Amino acid sequence: MLTAHLLEDILDQVRPLIGTGHVASYIPALAKVPATKLGIAVLTNQGDMLTAGDANEAFSIQSISKALSLTLALGLYAPQEIWQRVGKEPSGQAFNSLIQLEMEQGIPRNPFINAGAIVVADLLHSRLSAPRQRLLEFVRQLAGDSHITYDKVVAASEMMHSDRNAAIAYLMRSFGNFNNEVLPVLNNYFHACALKMSCVDLARTFSYLANQGVSIETGHAVISPTQTKQLNALLATCGLYDGAGEFAYRVGMPGKSGVGGGIIAVVPGEMTVAVWSPELDSSGNSLAGTAALELLSNQLGRSIF
Amino acid sequence: MLTAHLLEDILDQVRPLIGTGHVASYIPALAKVPATKLGIAVLTNQGDMLTAGDANEAFSIQSISKALSLTLALGLYAPQEIWQRVGKEPSGQAFNSLIQLEMEQGIPRNPFINAGAIVVADLLHSRLSAPRQRLLEFVRQLAGDSHITYDKVVAASEMMHSDRNAAIAYLMRSFGNFNNEVLPVLNNYFHACALKMSCVDLARTFSYLANQGVSIETGHAVISPTQTKQLNALLATCGLYDGAGEFAYRVGMPGKSGVGGGIIAVVPGEMTVAVWSPELDSSGNSLAGTAALELLSNQLGRSIF
Amino acid sequence: MLTAHLLEDILDQVRPLIGTGHVASYIPALAKVPATKLGIAVLTNQGDMLTAGDANEAFSIQSISKALSLTLALGLYAPQEIWQRVGKEPSGQAFNSLIQLEMEQGIPRNPFINAGAIVVADLLHSRLSAPRQRLLEFVRQLAGDSHITYDKVVAASEMMHSDRNAAIAYLMRSFGNFNNEVLPVLNNYFHACALKMSCVDLARTFSYLANQGVSIETGHAVISPTQTKQLNALLATCGLYDGAGEFAYRVGMPGKSGVGGGIIAVVPGEMTVAVWSPELDSSGNSLAGTAALELLSNQLGRSIF
Amino acid sequence: MLTAHLLEDILDQVRPLIGTGHVASYIPALAKVPATKLGIAVLTNQGDMLTAGDANEAFSIQSISKALSLTLALGLYAPQEIWQRVGKEPSGQAFNSLIQLEMEQGIPRNPFINAGAIVVADLLHSRLSAPRQRLLEFVRQLAGDSHITYDKVVAASEMMHSDRNAAIAYLMRSFGNFNNEVLPVLNNYFHACALKMSCVDLARTFSYLANQGVSIETGHAVISPTQTKQLNALLATCGLYDGAGEFAYRVGMPGKSGVGGGIIAVVPGEMTVAVWSPELDSSGNSLAGTAALELLSNQLGRSIF
């Protein structure tokens, strides 16, 4: 049965894994996060929030933001306007590779690899007058927390290591699949990655995925039931970098990970989960975080399969 | 509500799609199947079988057999014996490509692309004295139909067009990931692809996927509940060639397709579905069959997402 | 025997090929060059200049400039400073592909594909205070023609279509193999490509390649005899995009082509040749130009093989 | 000046390199060859044979045989019959890769990578009743040595490690670019690789490359002057695996290497050289052998550039 005690117990079981992964180190702000951080939050569709460990401590959500940006874009564009510019298939390659992108004429495989998320950022840039501010308001509302901010140090640091993402954007522009200036769009993209949120924030924010598009926190419809089902499908097949198959096999929930060590996952109709443990596995997904979700899935007997 | 009438109605809606795809033509036996064939069968976990169209006509199940071979292997080997030789990730490439296979040292991405299924065939060959006969018995029992057979003409024809699959097998053998003689294993592999089964047969056969591993037809446990969940996860991320993301997005069920135009899919805990329409889309999945599953999912409001 | 009459005769023989290729069209300034232009100039090591056709008309030398930039860099850097940042091997891929560049950690295959030439431009940018002016002076001196200029329209037009080259530069910078700001370096790179020179200019300019590094025009040593031999070797294996093998097979001279339809080639110890015909073959090399060089090689019995 | 003393001197200079490479070890028969073997033979077009070191000791010529098989095929087929099935361009990839082969529809890049040589073996198989015997007679005649044989142990050992080459052949057959049974053709291919010849044998055998197609040893025309020029061009751009550019840069002669540590190279119009030193560099070319050729080229001031 789902209790705070169960969550504590799960964290105790996965804590020994800490030390067997590696904290993301490509920017200093991520490298210095203590590897021992470990938190979990579960929001049931009945509105109960259960937590354990460092569930209230904010961290850099990184690629988890890709799901938020896509959600925002789904409200601004007709489906075909989005899906003609980015695919819906797993990539089978590293999250930041240019190889497949060149072979497939600048159309990214899905919105959760870097190239795809950069296309989404380009879409937001074309339609919103202040995309960065709009995303922040969107997240604050969903999380019911007006104190959520961008970590400016992380965003600036990402921008200083942006060469590969700039290469991705320019390559897509050479194929006609990028419409704005590269640097401002990348700047927004990196700000989204630099959102600081806690497990509790994330569980509230993504509760619409578990509830047919209606936020448990606000009671408002964020996207339609059909869009929710579709978004969950994309998360299940593409949300965990090149480890989506393994995640589905072990955890069996649609989810999205970030190199900050966070993962959000949902059991549609039942609950939204957010975990955080900074050390990553070889695919870039939180090592202890994945293990915690696997235990949760097994002990509750809850998954989509 | 799920009725035979609903199924008839769905077939009527998708029938206009016939003519917009292409029937598999790499072997004559497949090329000559009438494109107008269209059938669907749904077996509920309560044991009710509903059908429409050509649901009782047998066709070449082709790659749907990859799920059966893997199920058989799951009963013969410890998990790590299988998963050290074949991965669990979507490939992001054509089903019969050698490129990724060479770059990843002869370890196929998953058991549902050709290379992966050939590894599974190699595993069965190593452990069973008569793998071809054993698979047939296994299928006959699951389907409750002792008349199911291999289509010898199809199997022989596949064998005559086996060069690319032979290349795949030899490449894996060069990496130490194939242990038997190539031709006999390919012969078994092609026989599995040449199984002739109807939608009704398939719905009965795969009912264990919807029922925690226990066959609705026989009442016997085929695999464990955990294995069932894992197999469904693999099907959801890798079961539809390079169209798994699109299938999840539109249909939202774990499934497996074949170039004969068949697809099986399940809603765990609820039902097993088999459809057949020979014309394929650009990913090699049944065009009208996918559309029928999408309609069924939408009209029943049933999917895993 | 090498006479102006022979050159006229050769042009007559290849003129019927005009109409079977395609003029480069990615920028308007190139697309509007008349396809019927055809010229050849041969400068013997004895100092005799023989010409035919449009040998005195200036055109956009495009990638032929890559050999000039490398020659300039050879005088500014120790060999290992250059060759640790760019390789000496044929690429086996399109001239502007990013695939190999990513797989080989940002080290371009050779200095004559775009990525390699952009590294050379980066090298020049790091060491020269006014690289664009310096290259122009260098070329004017070698050609003995102070009127040679950059085509500003072409350079500006290239800059407006620079996305793919920007992607290449950023990708190399992400691997630590690009040290300056991208846009200024690309601007210089595009100016070099936009040099306007005639066949006569080119034959004079590159005469050092046929004469152990000493310009026939100026009598000065441009590079050492060993460097000359090495540069000719690079041109022979990498100078004709992905058509170097075919060019060696048919023509048998070290050479460098440009998408403006120019080709320079040398028989070391004997002569320097420049041809111009705007229509290109599928590899991007002048179609009639290659044929003219082949005829010249065969009729004189002169090649390096 | 070219003397036996100069050759001795060159061997002394390169001998210290022994120990810095690695002897081919994929089959035992190659792995056990002493790494200290070192030999060189130069045959001038005047008919003078100069030697040093182990120049008379036979070794496994391996891929050097690819140049002999192609020479034989040039006499049996019209050019277009050969060149429609195999290209003339450097591959830019490892000698035994399947990646490029799949991307280029089963047409190998050139006749000196494995795939290309297997196509040539397929061509010989189609036209000759006893291709293996014919090649042996051809070599014996060219070398003026009726004792040259196939090393049966090496050939059998290669056959036992033939999986990757079988994959290559089957992949080409799937594209319609291989016409015979795979195993007999591979058997012939491996026998050609298993020819045992000394540096002296090799210098005599390949003297036609330096002499417009006429063997210095026999005085007979082996191929035409034009074919000779073309073959030398192919060797210059494709003869040294993925190290052709570096070899041209350092040595400046058309050449062909084998993983047995042998290399043959020519200065057209002047001389034929054969070297042997079993340790290889990272491209699979003889490390000390390449260095010896580089010294010879520099000290004589002879190269094609």
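Lettered A, B, C and D in written order, each chain numbered from 1.
Just so it is clear, contacts are C-beta pairs under 8 Å (C-beta built on N, C-alpha and C of every residue); 3 or more make two chains touch, one makes a residue touch a chain.
Quick caveat: nothing in here was measured; it's all calculated off a predicted structure.
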{"item": "Furthest chain, CA centroid comparison against chain B", "value": "C"}
{"item": "Between chain B and chain C, centroid-to-centroid distance (C-alpha), Å", "value": "55"}
{"item": "Distance from the mean Cα position of chain B to that of chain A, given in whole angstrom", "value": "32"}
{"item": "Mean-CA-position distance for chain C and chain A (Å)", "value": "48"}
{"item": "For chain C, residues contacting two or more additional chains", "value": "none"}
{"item": "Touching pairs among all chains present in the structure", "value": "A-B, A-C, B-D, C-D"}
{"item": "Chain A-touching residues of chain B, taken from the complex the two chains share", "value": "87-93, 100, 109-110, 226, 228-230, 232-234, 236-238, 242-246, 248-249, 252, 254, 268, 298, 303-305"}
{"item": "Parts of chain A lying in touch with chain C, wherever the complex brings them together", "value": "97-99, 102-103, 163-164, 166-171, 173-174, 182"}
